[in-house]
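Labels for the chains are A, B, C and D, by order of writing; each one numbers its residues from 1.
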């Protein structure tokens, strides 16, 4: 029997970066197949090629032994390929039911929509997922987890032979995840080929039977049985060496007054009763699931959302921050965004413009004049220190690799010489080497006296880098964990704080 | 390709390796501006050799003068397209400013040295109103300026009772008629100077760069410490100022400040205002400007218009020709971009 | 257009005799309105006829595609470039078009502001057109007459940016004032030169105020058409109305008795006489400074191209009336205004 | 959810404009009793009918998150083609009508397809379309109107059906109900809204964006054509200027009616009341002899006011949602 979905020897380049090279993977019917790899290893690119969003440069995609080349996701869905993408893809202003059934609202353009059957059908999938939501309700009124489930329901409802799930559990609670896994097992038993992408190795070992690992766009392994492997093997394949539990020693505590301190802080975004302080030279981790309100807290601190209660103290003095400009220029605060493409960088512009944007004001003459050379003199040493690889400073940054882009989005804050830096998911979409490098850099910065707030959902990263870890859930701080670099203990404690909500 | 930046300060002055330089040359040859310049040159040569009178000094003078005015109108729109927005009220601002200038110079008898700057400040002020409304309301500038176009123009007509100012100081009309070297209008010179100034502005000033950054990605710019709201307001102010300048130039050209110079609600300016920057390669989505392209775009449109008129194609078909030209221009640009992308050159 | 043909033919006959055709092959006349408008349609035939009758090098009617001052200016400039030297121009703007007229003069050509005037000081030779103020005044007088000397008048007129609009408003007011309060102007609706808003506003006004109005005077083409339509539709013959121009709708309403009369203007005569005069001036004639120029709010050198009130009785023979005027004006011009050696 | 009921009342976009319309009617008729005379109602309804069809033509494009600057140019082109073929070729009214509507659909489809195929913003494509269609219009007519409007067409535009209700209301009602049904109950309508709301998600969900965009513009073209022909009937003349001044009101009415300009959310009933408000204000300014110079200012102010209200509502809904989390 030929494989339900087979990818053979696929390569794909984007300007400035080779995303996939000679990658193969085979999804069999009746199997749950884990696709693993670090951020930037090429998982999402692979899924996008399979579903017809990107076109491969070389290689072949086959379904049931027949080569396919979907022109767009529509064709892929019609060809029997259901996908839950990593980013949310719901139409917010339409009701839940219609979102689930969006591609089956009618036979042709002028078909009337039979709402009763649409809602009935949608309800079936919502029930299956144990999601108690009226299919007539607008998606915009759902919580993040509910949206994720609706999206899964939408993919399930296609009843396709192949189902690819890209990080389906990122914002789910353990209970919701349990329900999802039950459904996936049933689908597997019914003969569906399921592809499962996740960062959470525990989940992978719980539900998957096969595994393919990608590393830097190559196959680290191709469709092997998972039960022959243990966690350490998988990790070794992912990062190319044995998992280091903690390379870095616990850093000495500094006994200095905090650079920034929040007291019973609340924001218009919904944060409540936040108490938090970061000392110069300290790396404070902020852990939480997607939708817990971490990035929102960072942005609120920078003045993008009004403060509604409590106090913010910078160097012991109460301040009110109304704009990022104020945060940067008056209080030395910076923010490395998790969303490089949308918030961190101006992809249309050059490396120089992106790395110098924070210091234009500082470097300009009194009349606001500024020469490229002045900026280059200022940011050049920093970029050089970060070992940025670019043909020239005038290269459009959109053409650089993810790791190099990330270096620039950090570099601009180094250039600005901030005293307090919030780093949000620093290792999304970058290669392992850059990641390690960034971790060193964060430590180095802290050693030089910068106060750092690190936001990440990557548990090993958190354990590796942070000094102490605050756990956030539902826009509140649920607890604090002193980081002794003991992965097992720390991660268990963190999860305990988050799941405390479940128990209650 | 991927060599580490060895010496950034050198990189700043002459960043390209020989390889990089070659690709820069190719990039120049494939750029919108270059294509437009070639097209303009060709059109011009064809018209000059086939149409009688096209290359007479009088014809060249009038074409040049009109290019000057249309360039300024195009620059005014360009300054706000940078933000990914637009300003439908440029014509209304131009007409209002011209009338305000007329009032100052004629009714109040203010010397030109005061009247001109005051008028430009007035136009910039109208732009400021647009900008602050757009930023504060968060509504797209299309709808805001659609409204302000009506309001500005309506108030102007209400206040002036649509009466022209035609007793302006003699310098004004004679400036419009002045032929430098018997051929070149000072209006063209002013616009070309403004092109130089704006090119420098977008390249060498903090504000100009911030405008580009805020236009390309307002979120990222905001999070990088740029006061996006202020910058976008500043873009509208710049638009207002440039529209005011265009209004004054048109006043010099007609020798009087007349309320109808930009048509009902100032709508006559909209076509040149969009044609020039769009033909010139300014991204409507914001974040990239081409000042030179705007000039070339305006020059191309005016050359075509004059040529078509001389060819006696039929006055009424000129409008359709301009529309087709706009369409072809954007389609060619699209094709060029995808060519570049397929060759991995962008 | 179709209406124009008979007029044109009739006028041709009437004027051929008086046209002492001089060799004017180097006189290239361009007739340029401010933009497309049915009023100017007669200019095309007038230009052609004049070209034939007076042996001109050209008598071309060229219309800017839109009512856009810049477009008209560009077109005039390109006509200069093409070698035209005599221009009949309807000014896109009474002030703004002066600069192009100056360019024509500098290029060795001459121009006559036609159907609308340029504001003095102007490089145009003179202005020939309907005396808009006078026409509005006379029309209002006629209206007051049919109203029996008392009542309330509504006045519908054109674009506000057109300076003639203000002249018309003033003239109507003046005629009403002369009745010492017996007649009042109760409403002026302006800015309705496009059919859609005209239709909306005039209908809205009549719908609500028909009872409060005894007479309507219109002083622009579109409002006349729309108001005539409206009165015909209501079937109201109590409200008196004096229209303007010769749109089919207005003429029919006059015939049917819903409109009491219309003030005819003379676009054909303007084009024809204007071309003739330009040719004369080019062949050495000069304008007499002491000629009986009229003056209006814009210029001191104005020649009336004639206007005539026609009511139901004369409506079938209005072409004759116009022919008479054209003849008179042409003869009058030759005798009183031109100085030919 | 209690909040659901509360916000749903606010969600009904037409309630605000509806109340304003009603208040305006009551207020004006007290000050000016003739406002409610049968003839005035007739006049008002005729004007509203045409403008609703125009606004709906823009509404469907706003729904998909774009704008159609060529709406008026298409309407004008169809209007003169309609009368033109009757006058020049003696085509009977009904085939002429069908040809006119076909031209509208076709021109709309061409713009829509160009936008969908090239990905160039609708603003530029329809700006070019505006110039081209208007240019063809003027090229054909040389700006002279066609007069040969058949009596049947004139009657349609000027006679009343029952009492003060004009025949013109028929296409308006058909268009409104049709548009409401399309947006709420037809697959194409839901797709239009989905694309307007989140084009990326729509594409990933298997919606054919190209076809949907093309059809949305075709519908817009059809409505422009209907409005153009309605105006021919109403004005009794094939004016080349038809459509020149549709732009502002075509955006103002949907916006007053609560449409979100970025797409995905529109209200047919709200748009209807938006048109009513504009019509009443236009009339009120005439009735109360308000300086005509100020009309434009009021219209502009009205748009800003509507935008402000919409914004306020959006924020309010967002806040309620925040609290409901």
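Definition applied: contacts are C-beta pairs under 8 Å (C-beta built on N, C-alpha and C of every residue); 3 or more make two chains touch, one makes a residue touch a chain.
Not measured: the values here are computed from a predicted model.
Trainee: Measuring between Cα centroids, what's the chain most distant from subunit D?
Mentor: Here the answer is chain A, farthest from subunit D.
Trainee: Need the CA-centroid distance for the pair subunit B / subunit C, whole Å please.
Mentor: 38
Trainee: If you average the Cα atoms of subunit B and of subunit D to get two centres, how far apart are those centres in Å?
Mentor: Those two chain centres are 32 Å apart.
Trainee: Rounded to a whole Å, what is the gap between the Cα centroids of subunit A and subunit D?
Mentor: Centre separation, subunit A to subunit D: 43 Å.
Trainee: Where in subunit B do residues touch two or more other chains at once?
Mentor: 157, 161, 316, 318-319
Trainee: If a residue has to touch 2 or more other chains to count, which residues of subunit C qualify?
Mentor: Within subunit C, the residues that touch at least two other chains are 36, 63, 65-66, 160.
Trainee: On subunit D, where are the residues touching two or more other chains?
Mentor: Answer for subunit D, listing residues that touch two or more other chains: 135, 138, 142-143, 293, 295.
Trainee: Every touching chain pair, please?
Mentor: A-B, A-D, B-C, B-D, C-D
Trainee: In their shared complex, at which residues does subunit A touch subunit D?
Mentor: 53, 72-74, 77-78, 83, 85, 88-94, 98-99, 102-103, 105-106, 108-113, 115, 137, 140-141, 143, 154, 268-270
Trainee: Flag every residue of subunit D that touches subunit B in the complex, lowest number first.
Mentor: Going through subunit D, the ones touching subunit B are 67, 114, 118-121, 123-125, 127-136, 138-139, 142-143, 248, 251-252, 255, 261-262, 291, 293-301, 303-304, 307-308, 311.
Trainee: Would you pull the subunit D residues touching subunit A in the complex into a rising list?
Mentor: Residue positions touching the partner: 4, 185-188, 190-191, 193-194, 197-198, 200-208, 211-212, 215, 264-265, 321-322, 324-325.
Trainee: For a test of understanding, state which residues of subunit B touch subunit A in their complex under the given definition.
Mentor: The touching residues are 1-5, 7-9, 11-13, 15-17, 20, 203-207, 209-210, 212-213, 216-217, 219-227, 283, 287-288, 344, 346.
Trainee: Residue numbers of subunit C touching subunit B in their complex, please.
Mentor: Checking each residue of subunit C against subunit B gives 36, 62-71, 73-75, 77-78, 80-83, 92-99, 102-103, 107, 119, 159-163, 165-166.
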